[in-house]
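What follows are several structures.
Both of the next two complexes hold chain A, though its partner changes from chain B to chain C.
After this line comes the complex of A and B, so read on.
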């Protein structure tokens, strides 16, 4: 049985490896978000008024504190909040989405939906999220 | 165990094909979008991203090959053992994620399963696990008596 397990496992490895090579430019092995879609706090701040900050955290965390001028857009109330965001958005602006920390998923998901569902370009995920913003703004 | 031996042979073959087909379908859907599957694995917050990406490329093919092993009855015990182990680990990870309060999308059946609730996931996975264990017990019995 062990021999069979090893053979099946090895057989599956071959197309898996082939696919990994084929997708080498489509996925980053270092980070869930490709480097070209990430932005540091310093870079985003340098964009000044050309950036729209989007807070992807839940409502209660947004209410507690947020980046000055940021708009709330989370998945819980996506349909309700998206029109408000789109009213403030314009084509030349860059969108910076953040959630609570480096390990949270919400900013990635919101950025993905803004790109795919709202068909927006220039959507970036903030490296380190709200924690990093707080750290660099103390 | 004795009850298993009373079930006709063709029923076991049907079970092989159904279970094998389910895993081939599940694997094929994930092969089409490995990046999404990598994100689904990452949502469990158990493994580093790099390992998750590696698994996202490997696991769907493993499911397909194991499913084929069941249907074609080639390397049968190997495929069956891998699927049973995979499903047991996956069930454990899903329950652990639920306990930790993570809002996960398992990605098991691609977008088709995105809006299933936790109970549906759990019921389907348990059903598959029972089927796999039954097939495993039965095939070991056949193997020993041969």
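After this line comes the complex of A and C, so read on.
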């Protein structure tokens, strides 16, 4: 009986291993943002005035509502909005970027550009985005 | 008994043939817009190859920058159509992957994810796009490196500063690479300048920012 179970388990392991090797570059559980660059709403709120909140959503969504004090910085108007953000930025501040929800990608893209292009440090992506902020602040 | 087996087999065959099936020409499209393009549009074509109509329940995009439209709400058997996905490039750079999730009432293929990949040409790579000095820091020049893409030869680069408080000097370093030395007159007060970077052949303008910040800098 044990032998049969082991054989079945071994047989199931073979295609799994093959798939893991073949799709090694796009493993679904691999988060595009390292955990150290993510921040929860509670953590970000604890930073208080030491954090700059950046709204990466489109203009119309930002106009509808946003985290109090947040600055709009989206890729539709990057060149225009970036200088406005940099005017408010200072080295000791932590930057918290958010978009609509956990599944949106705009906050990751904006955070990536702030890190790579502007070479800013302490740039974080908000877990769960605006939806999570709303949920925890209701 | 034979009648039962026949009836069972027949019902299976009927169920198999009387099905709705949306067949997609392709579920993934790669687009290569030019530097002047404002949008990248992908056409995902389909045909209902089944014998029942297929009804679209929802068409959702992964990003506010992408809009998707289906031509019709219901697709009769044999009919063709397409979902048009329009990606607004804005001021995005690099390779952008956006998805469109299509939900239908076809129980076997209820959800289909369509992928639109847009490879946006990056004529110039500017690193960093932001240089800063802390107030009171020595006003030494800081360097911005500009690399031209392989298929975008650049002979001359023109850099202008929006403020006379900052000077920008351009130097060609070879292999399509330039360095821009940015230097403030002094660092006594918090001021900023927008640097516009242009090549001789392209109307596109690139930007960098120079700023004196309030806090002392450790760059």
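Basically, the second predicted complex is superposed on the first by the 108 of 138 C-alpha atoms of A that agree within 3 Å, B and C clash if a C-alpha of one lies under 4 Å from a C-alpha of the other, contacts with A are read in each partner's own complex, and residues count from 1 in each chain.
In the analysis below, a residue touches a chain if its C-beta (ideal position, glycine included) is under 8 Å from a C-beta of that chain, and two chains touch if they have at least 3 such contacts.
Everything numeric here is computed off the predicted structure, so don't read it as measured data.
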Which superposed partner A:77 touches (first chain B, second chain C, both, neither)
second
Quick check for you: in the superposed arrangement, does A:11 touch first (chain B), second (chain C), both or neither?
first
Which partner does A:42 reach: the first (chain B), the second (chain C), both, or neither?
neither
Under the stated touch criterion, which partner chain does A:108 make contact with: chain B (first), chain C (second), both, or neither?
first
Same chain A residues contacting chain B and chain C, which ones?
103, 105
Over in the complex, which chain B residues touch chain A? Could you list them?
31, 34-35, 38-39, 42-43, 45, 49-50, 53-54, 57-58, 60-62, 64-66, 69, 75-79, 81-82
Residue positions on chain A within touch of chain B in the complex are 1, 3-9, 11-13, 15-17, 19-20, 23, 26-27, 29-32, 103, 105, 108
Residue ranges of chain A in contact with chain C within the complex
57-58, 61, 74-79, 82-83, 86-87, 89-92, 100, 103-106, 109, 113, 116-120
Quick one: which bits of chain C touch chain A in the complex? Just the residue numbers, please.
62-65, 88, 90-93, 126-130, 134, 192, 194, 207, 209, 211, 213-215, 217-218
